[in-house]
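Two complexes are shown next, each including chain A; its partner changes from chain B in the first to chain C in the second.
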Partner chain A sequence: MAAVATCGTGAGSTGSIVATTSKNNVTSFQRKGPRASGTDSGCSRLVSIAGTRPSVRNGQLLVSTGLPALDQLLGGGLAVGTVLLIEEDKYNIYSSLLFKYFLAEGIINGHTLLVASAKEDPADILQELPAPLLDDNYKKDLDEDICNHQTPDSNIKMKIAWRYQLLPKMESGPVSSSRFGHYYDASKRMPRELIETSKWHGFFFPEKLSSTLNKEPCSLTHGYRRLLQFIQKVIYEEGFDGSNPQKKQKNILRIGIQNLGSPLWGDDICCTENCDNSHSLTKFLYVLRGLLRTSLSACIITMPAHLIQNRAIIARITNLSDTVVGLESFIGSERETNPLYKDYHGLIHIRQIPRLNNLIYDVSDVKDLAFKLKRKLFTIEIHTQKKFNLCIEEKNVDYNTS
Partner chain B sequence: MFPELNNLLNITPDRAEQGKLTLLCDAKTDGSFLVHHFLSFYLKANCKVCFVALIQSFSHYNIVGQKLGVSLTAARECGQLVFLEGLKSSVDVFFRAQAEPHPLQFLREADAGNLQPLYEFVRETLKPMDDGQAAWRCPVLLVDDLSVLLSLGLGAVAVLDFIHYCRVAVCWERKGNIVALAHDSGDGEDKENDILLNGLSHQSHLILRAEGLATGFCRDVHGQLRILWRTPSQPTAQRDGSLTYQYKIQDKSVSFFAKGMSPAVL
Partner chain C sequence: MESVLALGGLVLLRDSVEWEGRSLLKALVKKSALCGEQVHILGCEVSEDEFREGFESSINSRLIYHDLFRDPLSWSRTGEALPGGPLGALQAMCRRTDPGPFTIALDSLSWLLLHLPCTAVCQALCALSHQHSRPGGSCPAEPVRVLGLLHEELHGPGALGALSSLAQTEVTLSGAMGQASAHILSRRPRQRPAHQTQWFSILPDFSLDLQGGPPLESQPHPDPHTPPVDPTAHVTFNLHLSKKEKEAKDSLTLPFQFSSEKQQALLRPRPGQATSHIFYEPDAYDDLDQEDPDDDLDV
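Showing the complex of A and B:
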């Protein structure tokens, strides 16, 4: 893991937390920090990046996915250096919403964004990001519903800090907040000032098609190869991997790739079962993960997994990703009219959670999770409890008629 | 290493066997705890280990290794451990043309390549030291994992060839061991993976198969481990021994128990 690596910072690159290739000389001085961090760059430097926090289990650096409910299910958040793969729902409604939450969280925290899409212009995607909920009163109600560990006292303190921070907001910079994970209002758009003051890079594949092809043949499709080169260029030039001597980056790069694997990227795994370059996508994922592991970045990918005909590829893609979440919406399916699911919009399946720096991982006991999208909130709940209540009601009806 | 697993396999670091191919395989669960076990086991047994780690980074294995009582950084510095980090090297190989052939050269190739550069790398690192330095007990090759090589464009035959060549070089010539992890998709969808797994199963002396429980998720029992001892050279001479245990993974160790005898149930 990039941020928690045993980094020999004896040579004095104090700003860079990432283990660079040359700095492997481990000094004998080991800071006696929390058990699992094990680096001699102090823990205080790890938390000094806005919008991150160390995991309680192993000191790993986590970022929020933009959805506090999902953060809880994933064990606190998404680890820096890993890939979150979202298997899209059938009409790509809720997965694109999760994608936007991830990017919106990056803007609120001041992270750099890299948005890649073959369907929509990244500038348009950014215009459609949901607005953050900064009203503290409403947040207090929400906090009581979803079990949040904040005490009322600290809530009041937050309120004062929020009011204070709202004042210079109009002058400069995005809204900086010390919260981890924010709530968003899906019906409103993010204010333009916030988007304009944020730093982002866009990769719109149709624009890059006309550029010159590279010299060497490669088994990756053209689109994936260009995307990898673009990501690598941004990581290197902005200094996220610590190898650029000019730039010392202490920020996170949030990468969002939309509809990876769809035919718009030039890949045919969604079109046919026996595809020509079936290794293109898996190779892309492997090299992407290599890039992420050696830099301060986190990536969200949405993939139309329901269109992939070859089931073997899905298993391979799952093995090559770190966290995999599947969304199944009820739209158009027979479950839409099922009274069991009448309050919900779909099911959410946590297919894989990585075991990083550990033999075990935080896994919730609950496997039946459903989500619903209200105007201001995307909630994830257990749906089997309702099923139980429904059975009892039916029994009562039977006794009454006899 | 997990002492309970050592007892089940009837091995200790002092009496490590030689010339064996061990296959680790997982189906519907994560078998990486077995890789951590064997890595720490062979380091404690004072063997020279060449670890081809294609899935995770060095710091991941290092932190888990510290929980199991070995320090990978120390082992790497004194030359006991040679660590090929797949993820980090893949970025170097893919984006920059290398001067000399890199072990992961196949990442740059357009069509299905072979693993000859990787084999040369393994043979080079595990060759016996002539200059009279501290002699390690026996060389060990550890691969995590082989199924990812199929995802990177290689065919099952290329991977089987690689293992065959490594067996000749490591197991037969140097009397060392090989431990390799492969995934089992289970439902027969991935034909290349099935070919690889069948080919490896027939060559191995010991197969450890971690499976998820057939009844689904359970908090106290994380899975089932099947141990199968084989003698590949005499396939029908004697019946192969096999044992099945269930396990629960904890923070620093794994506890094994007979089927249905989980402490949570008793």
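Showing the complex of A and C:
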């Protein structure tokens, strides 16, 4: 009311009254919500880092895995501070693709990358990242893809169960302003300028192997120990665990470890069933998870689980990771010729979803998922849907009486 | 068979007791030597003389032989034995920096796996295959080829699986009716693996003779996969519609489809049709009291 008194000359329009109110600042109510851009808000208490968003279910900070379909299956994305373990398919084609999508998403969002491998040089891995798809190009491709896909079978519209036609087939295409998940074109390379402006650390194990001669006995395999020390050094020096609070803006560290558990890391769980250091990998995962939980980082690990001979180790590894996704490709197996699977390249199994600060799981109730790599995109669908379209026809009812 | 030598990297020759692979190894070695490449041989299972037997002198002069057969544990101190044992020999080969195409033949990889830890062998093989891509980081000009002879029956599935995952090409020897065949699985990076079966025979001078197929009296191959099961075959109700029924079905309008005729029919009362009646037979227990039973409630 004091505000009205000060402009008592009767200005009349509500606009000027509002203007004088805000200028006088007599009210103690201030808006404290997150701003639209989010990065420069000094008064908001929520940490807004590029490429992250809070989960709608429990407020956990999530990053995208690089594949929006997978994000949807995992309940919105990968939680910061957790491990995504991918059990490789037999010839390591699709798992390395998921690995690259994860790293590419980090580059697009400006996150720092840490790439560790015992087989390929990290610089080579980064050169082969897929290029991001722009939104309008994708819409054009999606439309023409739908036109090409009109087989006679799919023209049978469901007449009695007509409401099921409106059901989406797992993903509805990209949102036009998708700042969270991006789509990638697997046939093109990411432009070099983007890679060069990004910040990344590489760990190539054969280079580190030659530099040490004395191996003191340790329960952790030599390779794993070096890798953990490297990760810890990067987290500490770059301040991802909050150890340098006055430094620049917070960012996420994306860690990618390729082919963990293969003999190239010095671990023999893939070679024999009764191996000497069977606890090495499990200890590594345990320490790694501790490092991740205390820092702003997310990790993707690909593991050749089909080579591990001892099933008990696989069960322990699954328990020690947070999210576990298994890929099974049809190449070379008898399922390749099965007509049920003829449109797909493999099956995807969600083996575990974590319970983070939560009492219940976030699992979707769909269990039989299949993936296919179209010309440019990796899609995940429920693979029994088409089968039902073909086999269900209405019973033999006499339609002539109404 | 050309693709076996064209792709660089590790080539695994998996043989068994029935179909031996050393002659194929020697044939491939001869082929590489004839192309003018440097060929290094790490001999562990047979003596040098036995390995060189059957090769012409021109080829023999191009082969560089590292002998581990005579003195594998370096017991004789004469200095002839290779320093560092088998692992040292492998690592010495990794450190070579001679330019030019390179072929290394390991005879045999099984011997190395039995004497060295599997992880060390895998790491050495990986370093050997990727050797020439190190300097400068550019693509390797000449591929390094590692031919490894592996006796399948000596190893468990773990070691075989680990080596398969490292190999660029896997040649599994088998055969029928006295004719040898090679099942070649080649994995190009980031592409689907390609399968191929090639029938061949090795001539006495270790040249490769590729052949079309097995002799005519080969056994009929069993059906590789069972015919797909038709789920609509043995159900107790009829899932198929005849043509007339299909037409009747298509022309039927469903209750939820709101067409204009239906709309008109609902709006206009149909003449000649009596309004609907409800026929009700009261039961013995029915109370036909017209009062509202809720009046008794004290709400």
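Criterion: the second predicted complex is superposed on the first by the 287 of 402 C-alpha atoms of A that agree within 3 Å, B and C clash if a C-alpha of one lies under 4 Å from a C-alpha of the other, contacts with A are read in each partner's own complex, and residues count from 1 in each chain.
Quick note on the criterion: a contact is a pair of C-beta atoms (placed from the backbone, for glycine too) under 8 Å apart; a residue touches a chain by one contact, two chains touch by 3 or more.
These figures come from a predicted structure and were not determined experimentally.
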Regarding the shared-chain residue A:Ser262, is it in contact with chain B (first), chain C (second), both, or neither? second
A:Arg355 in the overlay: touching chain B, chain C, both, or neither? Say first, second, both or neither. first
Identify the partner contact of A:Gly332: answer first if only chain B is touched, second if only chain C is, both if each is, neither if none is. second
Quick check on the superposed pair: does A:Leu228 touch chain B, chain C, both, or neither? Answer first, second, both or neither. first
Contact-wise, after the overlay, does A:Leu291 reach chain B, chain C, both or neither (first, second, both, neither)? first
Pick one for A:Lys283: touches chain B only (first), chain C only (second), both, or neither. first
Intersection of chain A interface sets (partners chain B, chain C): none
Touching residues of chain A toward chain B in the complex: what are they? 1, 4-6, 19, 21, 26, 36, 38, 58, 216-219, 228-229, 232, 279, 282-283, 286-287, 289-291, 293-294, 310-312, 315-316, 319-320, 355-360, 365, 367
Contact footprint of chain C on chain A as seen in their complex: 91-93, 96, 118-119, 121, 123-124, 128, 159-160, 162, 206, 209, 262-264, 266-268, 270-273, 304, 306-307, 309, 331-332, 334, 337-340, 391, 393-396, 398-400, 402
Chain A touches which residues of chain B in the complex? 30, 32-33, 36, 56-60, 62-64, 66-67, 73, 77, 86-91, 94-95, 107-111, 147-148, 150-153, 183, 185, 187, 189-193, 217, 219, 249-252, 254
Taking the complex as given, what residues does chain C use to touch chain A? 117-119, 122-123, 126-127, 133, 137, 156-159, 161-162, 165-166, 187, 190-193, 195, 224-225, 228, 231-232, 237-241, 245, 248-249, 251-252, 254, 256
